[in-house]
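Chains here go by letter, A, B, C, D, E and F, matching the order in which they are written, and residues are numbered from 1 within each.
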Amino acid sequence: MLHTVNKSPFQNTTLTDCARFIQDGDVLLLLEDGVFAAQVGTTHSALLEALVQRVKVYALQADLKARAITNLVPGIQITDYSGFVALVEEHKIHSWL
Amino acid sequence: MKIAVCIYEGPYNHEASDSAYNFIKAAIDRGHEIQGIFFYHDGVYNVTKLMEPPQDDRHIANRWSALGATGIDIVVCIAAAKRRGIVDDVLVPNVRISGLGQLTMMAIQADRMVVFGD
Amino acid sequence: MAEEIKKIMFTVRKAPHGSIYVYEGLEVKLIMAAYDADISVVFMDDGVFALKQGQDTKELGIKGFAATYGALMDYEIQKVYVDRHSMEVRGMTEADLLVIGEDEETEEPVKPQVIDAQEIAAMMAEQHNILSF
Amino acid sequence: MKIAVCIYEGPYNHEASDSAYNFIKAAIDRGHEIQGIFFYHDGVYNVTKLMEPPQDDRHIANRWSALGATGIDIVVCIAAAKRRGIVDDVLVPNVRISGLGQLTMMAIQADRMVVFGD
Amino acid sequence: MLHTVNKSPFQNTTLTDCARFIQDGDVLLLLEDGVFAAQVGTTHSALLEALVQRVKVYALQADLKARAITNLVPGIQITDYSGFVALVEEHKIHSWL
Amino acid sequence: MAEEIKKIMFTVRKAPHGSIYVYEGLEVKLIMAAYDADISVVFMDDGVFALKQGQDTKELGIKGFAATYGALMDYEIQKVYVDRHSMEVRGMTEADLLVIGEDEETEEPVKPQVIDAQEIAAMMAEQHNILSF
């Protein structure tokens, strides 16, 4: 499964909610305001640090740039829309709206 | 691969519409067939020809219309649209109003359905 | 050769009444149930509030939908699940859930089935497509 | 007391519009003067006459129009409206499109400004 | 000050965010999905139990009924739209959207 | 007798770019600054992200607004505050904040003022009206 999260973890529980359902071999893509979770050194970095140990985590480049997020939690990979499509080719998807 | 896309939020107000558009362009570039685009909830506001954004901004309705001109089936949910005042008269070209049966067919026939919302 | 019946899942995560997503999402389920698909609906996070019995939107002046949820099985939607953890966090027990129909044989009232996240995740992995509302 | 109300979300999709309406009716009942109602962001969708909700549901645009008929100044932000396709032709009666200066005047002149949104 | 909160505390941090700014003598009104916070016996009841010790807390009746919330944290008062207006008469307001 | 100048505060709590609230909220501030009012703007919670320097929305294809925030003082908006706690939680320091203008006398770049929740609460209590975006 590809799980997408588009909410800031600082005001929404979406990422935490999603994490309960992520299985080994699944993939997590952060997009839109969801990319705020990718930043290193915040009160929510630990959640991401734990997730990257279990599954592949991606963050969408255009959204990172728009929000000036440059220091990512190690292990998070940056991808673009083409990479997003590639993930959809490989996995069924659930959007955590 | 046949990909369907569902959009739940209106233009400009939420990024969902932009994310969906960028995703669809990339999917086409990678050679996929877009099975259909379905606008639901406030998403129905995406395709009104009455919108007039600032000149230096993107024109979201025209962008969808141009995609429709390439043959992609773009459907606006009639129930959601009626409630919100989106009618045939205000639609940009290459977009049609239809029922939730269209969404059902997309969900069944597309290899993947990707939902963009808030 | 007949095409295989596709599995379609609906996830309901938003709270009812503050926004229309749950309501309009229900309309999709009712339509889709009329087609040849294997439908399941999973309520999780604030979505579990949509299943609470006793909702009354009259004073609010908006249309309610508890009555329709109460007849889900009449619409041929049998697979209705609720995430156990989401209910516990919100102080809800099975007794709080509304009835979605009655058993065809025993005529006993049927409630949504409370299951764990692991079971839900396993079901998600089997779906052809998943629509979130 | 002079009370102004600001509404940020569209009709039906969010409860904001209903909460605002119920609040305004109660304020009038308590003898207050409604200094003005200002629609911003997706709130501009509240007053399109093209909406056609199911017959057993409330008609949100007509409800606002009826309030406007009592003399309350109901203003739709022009910048937000243009971007979203709300133009003079589609407005219900007793509602006008104007600029953010109107919101400013309400914020300054009203004793209270109450914001409803998401 | 009258503070209004219209989001569920189970998926949004609005109530917690607002609580940092609530002063003695202020008033909190829960409306729309915000009334989910008023229920007793949830993981968020403790926050409300603490708040009712400090300030007056109200929940909007129409929203409670719509959501079938009947068992409130003790100390929370139920009010209607007329009561909401009465609070606005007494206080300046900040909507925590 | 001249009427007293009214204090109007804007609170910015939403994240930028995922929705238009911050952007359209900025338009309101620019207009209102032209009127005779005592304007202050407070960034808190996810709103503090709107003040991060280096934002570039080109690849996203949407209009940015960092340049306008960088000229807030030119629009006669001088009172710009940021909640300290919100920044700390989000791993931001004053160095991350964009410049909103320059000091008229020293010509030094000016940044929004980082203050505590207590100070913000005290300011809120003094306002004629508060608009949240």
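What we mean here is this: a residue touches a chain if its C-beta (ideal position, glycine included) is under 8 Å from a C-beta of that chain, and two chains touch if they have at least 3 such contacts.
Predicted model, so just to flag it, every value in this text is computed and none were measured.
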Pair of chains joined by more contacts [C-beta pairs], C-E or C-D: C-E
Inter-chain centre distance, subunit D versus subunit F - centres from mean C-alpha coordinates, in Å: 26
Distance between the centres, which are taken as Cα means, of subunit F and subunit C, whole angstrom: 43
Rounded Å distance, subunit A centre to subunit B centre (Cα mean): 25
Interchain centroid distance [CA atoms averaged], subunit A/subunit E, Å: 32
Touching two or more other chains - residue numbers and ranges from subunit F: 13, 17-20, 45, 60-62, 128-130, 132
For subunit A, residues contacting two or more additional chains: 6, 10-11, 13, 17, 32-33, 62, 92-93, 95, 97
Set of subunit B residues in contact with two or more other chains: 8, 12-13, 15, 22, 41, 54, 57, 112-113, 115, 117-118
Touching chain combinations (by label order): A-B, A-C, A-E, A-F, B-C, B-D, B-F, C-D, C-E, D-E, D-F, E-F
Residues of subunit B that touch subunit C when the two form their complex: 4, 6, 8, 40-41, 79-80, 99-101, 103-105, 107-108, 110, 112-113, 115, 117
List of subunit F residues in touch with subunit B within their complex: 17-20, 60-63
Complex contacts: residues of subunit D adjacent to subunit C: 12-15, 18, 21-22, 54, 56-58, 118
Residues of subunit C defined as touching subunit A within the complex: 11, 13-14, 44-45, 85, 117, 120-121, 124-125, 127-130, 132-133
Sites on subunit E touched by subunit D in the complex: 6, 31-33, 62, 80-82, 84-86, 88-89, 92-93, 95, 97
